[in-house]
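Can you read through this structure? Questions will come right after.
We call the chains A, B, C and D, going by the order they appear; numbering starts again at 1 in every chain.
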Amino acid sequence: MTSIITYGQAPELEVVTWLNTKQPLTLSALRGKVIVIHAFQMLCPACVVHGIPQASAIHELYSQDEVQVIGLHTVFEHHNVMTVEALTAFAAEYRLTFPIAVDVPSNTGSIPKTMAAYYMQGTPTLIVIDQQGQIRHNLFGRTSDMQVGNFIGQIISEGKSYR
Amino acid sequence: MTSIITYGQAPELEVVTWLNTKQPLTLSALRGKVIVIHAFQMLCPACVVHGIPQASAIHELYSQDEVQVIGLHTVFEHHNVMTVEALTAFAAEYRLTFPIAVDVPSNTGSIPKTMAAYYMQGTPTLIVIDQQGQIRHNLFGRTSDMQVGNFIGQIISEGKSYR
Amino acid sequence: MTSIITYGQAPELEVVTWLNTKQPLTLSALRGKVIVIHAFQMLCPACVVHGIPQASAIHELYSQDEVQVIGLHTVFEHHNVMTVEALTAFAAEYRLTFPIAVDVPSNTGSIPKTMAAYYMQGTPTLIVIDQQGQIRHNLFGRTSDMQVGNFIGQIISEGKSYR
Amino acid sequence: MTSIITYGQAPELEVVTWLNTKQPLTLSALRGKVIVIHAFQMLCPACVVHGIPQASAIHELYSQDEVQVIGLHTVFEHHNVMTVEALTAFAAEYRLTFPIAVDVPSNTGSIPKTMAAYYMQGTPTLIVIDQQGQIRHNLFGRTSDMQVGNFIGQIISEGKSYR
């Protein structure tokens, strides 16, 4: 993994459409929870083998009252075939159950808007946002399950100490 | 795995187009080699996790003089998104190097023509054809690497004893 | 995993001898750090396949200023062959680098003394003790790496909030 | 893996004692079957993680009429602790069911007698002997399951063509 230091308030997601949720989610409405954004592309092998199973494991381990997992489909290559329709089939076949946002394509380049706003370097990227909406981790590549649990656990515990 | 007894001559592949080969392949021109057909769909999780890595391992283990691996994209669901263009992106991202044939869609149903001709039950399916063009194994689901090596090894050795 | 609720002060380790440390460790001297005790037997398959690699991963992930991993060889069967000499060969072959304590055999039964004091149900068992010396988790069997990271991370973070 | 060319008749096993068999086995009495010898040490990590599970998989895949798996405990280090009593506990804990022979210690050096007779370089080693008692493969280190299946399958098939 490579860690990008991007402290500060997490920019709001820019989203074309959502899967696996009745209502669109916003980071501001999730204030008070830890938010884990798993940015992926459906044709990215490291996402399929590592990132998506890890995101699913986070989704299963934690109560949604404490941690909200959000998949973010950040298409920056093969735009013609990684469409919303293709992603919908992919999510069904892989039985993904956490909410998935489709990032808004750029008007000018290949990098979609939320991906650019978070200075992501590629996929998979895992972003961990604390209960106050601050970006705490912005992790490109593979991070071990133990480290991910450690990062989330630390932020959960901080939240308890504020009360 | 489930084994289907379909002895007899292997029907010729019906193919829309090929990837990873300059010349289209035909089973008849491959007579004298063991042919391993790995039937898959790019959005089938068991294919991505098990079948495709196994097909790649077969392709790496054996000399192409003895064993020819052929991927066969047998789309029987999500036809709109598992297009040739999408498969091409998939094969590039997963760095597949063995020849891949795209099965011909049916005029009347969802099952493509080669898939139907072999009575395949789904994906992944591994078909092993001997040097005389006879179907020897038609294996739906997951078969262990050891068993696959065993089946191929037995047929290779038979071929030597004919000489 | 099965969690045993055994709140309260962690009893001091009873130790025949130590491996991988110049000085014997005591829990009281480690006050202020998170302590992770991995109880194992060298001939326990789930310990070898799961527990010991997990203990090594904890040892690698965390600074020893924050988290002290201690292996505890709790022999409760095959006493004749799981000797200190055998354990020493085992630890060398498996290249274990964290400190390992050998639990003191019982005078009356098969369960060694520290194992009994912690009411352990078998091996592998993972015990997590906080900075104040309180038992926080007493986990028999397999616990996922993500959950272990989560538990340790929460306790680390609590420690920071006390300051 | 490293392959040692040691063609020729397989030397008979020299054995202190057997586990998991009522009668001692001899290679000569097994003529007509493929024999797979898995040489290991109970404290060798690569044996525990790779070699022993592979030997068990061979034992499960093939009929004992065709392939006889034999474990061979070739202790060449830590002799004091890798005793027959320790091996017996190990085999019980790991639920090994194939016959296991204990190699005869050398009078003069650390390498036991069968290990020396086969010119083995270490553990794990996998030796494949054909139906005529000829050594066909002498493989030190890790060999893939597919390759092992391939080697055994080829020899099985040869045996059929002799009939």
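Keep this in mind: a residue touches a chain if its C-beta (ideal position, glycine included) is under 8 Å from a C-beta of that chain, and two chains touch if they have at least 3 such contacts.
In UniProt terms, the chains line up like this: A, B, C, D = Peroxiredoxin.
This is a predicted model, so every value here is computed, not measured.
For this pair, chain A with chain D, the centres built from the Cα atoms lie 50 Å apart. A straight line joining the Cα centres of chain C and chain D is 36 Å long. Shown for chain B are the residues in touch with two or more other chains, of which there are none.
Contacts between chains close into a ring here, every chain touching precisely two others. Pairwise chain contacts present here: A-B, A-C, B-D, C-D [touch as defined]. Listed in rising order, the residues of chain A touching chain B in the complex are 43-45, 48-49, 78, 80-83, 85-86, 89-90, 93-94. Chain B meets chain D in the complex at residues 54, 57-58, 61-62, 144-158, 161.
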